[in-house]
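Each of the next two complexes has chain A plus one other chain: chain B in the first, chain C in the second.
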Partner chain A sequence: MVDVTNRAEKYRSVAYYGGCALEGSGNGYDVSTRAIAKELGLGLKEVTDWNCCGAMEVKNIDPKVQTYLSSRVLSNAVNLDKADVVMAPCNGCYHNLKKAEYDLSHDDKSVEVVDMLSKKAGHPTYKAGQAETIHALDWLKHTVGEDGIRARTKGKLDGLKVANYYGCMYVRPRHIFPEKDKGPGTESTSKPHFMDDLLDAAGAKSVDFALKTACCGGAHTLSDSDTSTKLVLNILEAAEASGAEVIATECPTCHSGLEMHQVRAEKKFGRKTKVKILYFTQLLGLALGIKPRKLGIHTNISDSIDFLVDKRIV
Partner chain B sequence: MPIHEKSLIRPENITTHDKLVVDGVDVSGHWSTFITARNVTDYNETMQEEIAALPGGEHIHRCWQCGSCTNACTVNAIEPRFNPRYWIYLIRMGYESELVRDADIIWKCVSCHKCTHVCPRDVVPEGVMKATATWLEMKGYTEKSPSHIFDEEFSRQIFERGKIEDTEVMHNFFHKTKQPLLQDWLVTIGRNIAMRLPVKWGLKMMWAQVFKPKTKNWSKARLAIEDYIREEDARRHAAVKAGGARKAAERPHAEAAE
Partner chain C sequence: MTADGAVIESGEAQTTVRAAFDAIEAEIDRVAGDTGCDPAAAAGAFLGLGERVLEIWVEGRGDVPTRDQKEGFRLLALHRQGAKGEPSFNACRETCRELAYHYNLITLEPGHAETPQRVRVMGLVVRHLCLFVSGKMQVAGLGEFCCSSKPLRGDGK
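What follows is the complex of A and B.
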């Protein structure tokens, strides 16, 4: 059984692994996540001397090196920061840490290579089970939770129609997420709902959105832009058809993919969509009464300030 | 009498005669359409082994051809020629000439992991696509794909410094693929956002250009990774070479229908 009360306590203070995207193009996600933590009194301690997780690229050069990159982050969190929970808001980082955890508990060759590289790099080898990796959604769902959000926001998002977009790396492949699909209260890999739960608790109205876990083509944003644009356009148009005014995101690659290809779809294919794109942490932050600038909303490509003012959310 | 299977046969393998007499019988009309007979003898028996030696291809031998991967595939939905199930079948059979017909699109896998999610045999078809694209490059069938160039640039920065820097990835990628940096859609994005960004942000971006983000205490990790990659690359090249690299002139030409 999942002990939710224990989690609420355990996740109150976690090691924070923002990763490269949150330092660059996904800065709004980083800023809004930290702002929420501060507002809610949750502890985030950045992992000491962290490195990139390898995203979707290093595994194509060498999968074992990709596992090593994640293991080094986990090793630093465990040994330097004495953490037992690592929270990664980026789907790519989250996925890779989970994948490393899976590989290190199922594949002897991965264990061997990671140990060899860790010794040469001069840090303790991370061993499976030393830390738990969670997503920003797990973190908020299990600490403040729906009741906490409801009490603090008093329905501030006021019926805002939101399409919750989770993307690929948060749910697939299922075998690297052993805690998901375990019945009531746990996350689902086919119909994820943690983001719906949190935003609905803040007063939003999540629409029935069929493309929650569709792919935005983020891996090929630049290298095969036409494919990415087609996939993104599909998501944007499906969201509008579902009646959504806003797409809430929880991944910096999805987020910038949607924003960039929304512009590209109009420029290249003449297909204009009006739906706004915001990180779920930006929406929750607004609901908690944090100022838009403190949530990095002005740094999004998708300009939603006027819309939010119209909706009286700002 | 129509040939029901005609749509399954490639046009170049169908011959139609206006007038034809066989053994004194006039078979002009419907009966004069023939499918070219063929015997496929040119198999590459080491193809599966070679692809299995490349990153992502390790588990190709587990496939039992259920087709769940193609059914779930994101790219297949917008490009019907993109068919992971079929390509895995061809590789396992060693039917190189048939695989090569699709060499131009195999690199287009977007790594959405839908195939790996549904695969009942843990083949990791997504990895097999990457390995196959790499193999086609190593054999000289395709140029280095934009995706591979992107992977290399991205990985180089990580191996060197432990972190990447967005604009450097973008700049170097466009440079290496000989595309203009100022793509019209990126210019539009840049212009729109520049109006709203605080000065502090601009300074921060300039700062990142001069002082690239890097991981502290990374130098030993860098050496360890680079050594390891060098060894693995040598092993992979040997594995593919042992399978007998074909020269361009000896490439089998496509001759058969599905």
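What follows is the complex of A and C.
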């Protein structure tokens, strides 16, 4: 069974599964995650020969193949990298690895299919409980924590009003996240707060954001762009109505959607919003004194440099 | 009819559903734009529009919308009814709960300094519910989770 005690020590060195999005459109998330790991002295070892988690594309055709693909990532982490913790910053990857873990614990057919495909592919079959999958938020919350962030950042984000946007895959469906909703110190699936906690510790002021887990319309982006744009516009306007200057994100799909549809909303519907969009790792990196370029802020579509200069954050 | 019984695939039915959602969006705009509106009345209107959104979903699945309440809100009972057998519908559970929360905030403290902001946010929350559910209606039968699709899967497992 996965040992969930002494997380502070256990999570200090983890297998890192960035996934496909962080190699492309979510590159700023990847470089900022690696940069703060280096700054904080945390170990990230990229999973050897990793593959796609199965995302939505494979899941839509055959969910058991998606379970297999995620299990292969876990198998490589366990058997090739000798890791017992896999950290996935992408909500999609995190969700799929957790779902694979759940399926392999509860569904004999999934176990059978994964074993058959693993043997065919020539690698050891991943068995439920061999590794623990965590999100970047779990990783930072349990290793450095609010006190550590507070001590290292000295209120660098002082007064920055942030709407923390978690998206849907970080908390749903609840049953694949058995460690959540366990009371004080654990994450909530209805009102997630780990990002709020970490950024507030760096001096930011997290606003009460009603749509923090609402759908960003990511899956509609290609099939029904207007619905995606309207959903995103609504999130952006709700953040602004809540007093936020910045939306902090922790999912590359949500992040790209917010950025692209912010531009599209202005072009298509003439609705301009000013709220900036940054990965929470970029904000924490700035709070730790890391240069914006090393955090990939220049690769964001949402241009926030002037704003950050005005706020004296850079 | 879709594989799981939603009566929305014919052009006529879809037009009807589309028209219903358009009407709801227009009403959200009207209430949100009425700056002279009593906050409690606006909150009641938004809550009612949220219920109407969920009624359309429930009716689309061939059920009769419940008149029951959950935790004092028909909206929450309707959500529970709409999510039966459709786990992906839980993606709007917190949106519904935020609507109920804002209704309470506004009606219990109408004189609060933040009431205008709360009314604005409640309007945006109900609009999100409307957009989300209307999107799901367009692709009804899709989604084991959130917006990911399932009809390509054959048996849907």
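Heads up, the rule we're going with is that the second predicted complex is superposed on the first by the 309 of 314 C-alpha atoms of A that agree within 3 Å, B and C clash if a C-alpha of one lies under 4 Å from a C-alpha of the other, contacts with A are read in each partner's own complex, and residues count from 1 in each chain.
The criterion applied here is as follows: a residue touches a chain if its C-beta (ideal position, glycine included) is under 8 Å from a C-beta of that chain, and two chains touch if they have at least 3 such contacts.
This is a predicted model, so every value here is computed, not measured.
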Checklist entry - Following superposition onto chain A, is the placement of chain B relative to chain C best described as a clash or a fit? => result clash
Next on the checklist: By the touch definition at the top of the document, which applies to A:S105: first (chain B), second (chain C), both, or neither?
Outcome noted: neither
Next on the checklist: Per the contact definition in the header, classify A:A238: touching chain B only (first), chain C only (second), both, or neither.
Outcome noted: second
Checklist entry - A:C168 contacts which: chain B (first), chain C (second), both, neither? => result both
Checklist entry - Of the partners chain B and chain C, which touch A:K268 in the superposed model: first, second, both, neither? => result first
Checklist entry - In the superposed arrangement, which partner chain does A:A210 touch: chain B (first), chain C (second), both, or neither? => result second
Next on the checklist: So in the superposed three-chain picture, is A:N6 touching just chain B, just chain C, both, or none of them (first/second/both/neither)?
Outcome noted: neither
Checklist outcome for this item: The answer to whether chain B or chain C touches more of chain A is B
Next on the checklist: Just checking: does A:H298 make contact with chain B only, chain C only, both, or neither of them? Give me first, second, both or neither.
Outcome noted: first
Next on the checklist: Let me test your reading of the model: by the given contact rule, A:N60 touches which partner, first (chain B), second (chain C), both or neither?
Outcome noted: both
Item to check | Clash with chain B (superposed arrangement) - responsible stretch of chain C out of 3-11, 39-47 or 111-119 | outcome: 3-11
Checklist entry - For chain A, which residues belong to both interfaces, chain B and chain C? => result 56, 59-63, 168-169, 172-173, 214-215, 217-220, 223-224, 227, 230-231
Item to check | Touching residues (chain side chain A, partner chain C) in the complex | outcome: 56, 59-63, 168-169, 172-173, 190-191, 210-211, 213-215, 217-220, 223-224, 227, 230-231, 234-235, 237-238, 241-243
Checklist entry - Which residues, counting only chain A, touch chain B once they are in their complex? => result 20-21, 23-25, 49-52, 54-65, 68-69, 72, 113, 116-117, 120-122, 168-169, 171-175, 189, 214-215, 217-220, 222-224, 227-228, 230-231, 259-260, 263-264, 267-268, 298-299, 301, 303
Checklist outcome for this item: chain C contacts chain A in the complex at 87, 90-95, 97-98, 101-102, 117, 120-121, 124-125, 127-128, 131-132, 134-135, 138-139, 144-150, 152-153, 157
Next on the checklist: Please output the residues of chain B touching chain A within their complex, sorted ascending.
Outcome noted: 55-56, 74-75, 78-79, 108, 110-114, 116-117, 122, 127, 130, 134, 145-152, 154-155, 158, 162-167, 170, 173-174, 177, 184-186, 188-189, 192-193, 196-198, 201, 208, 213, 215-218, 220-221, 223-225, 227-229, 232
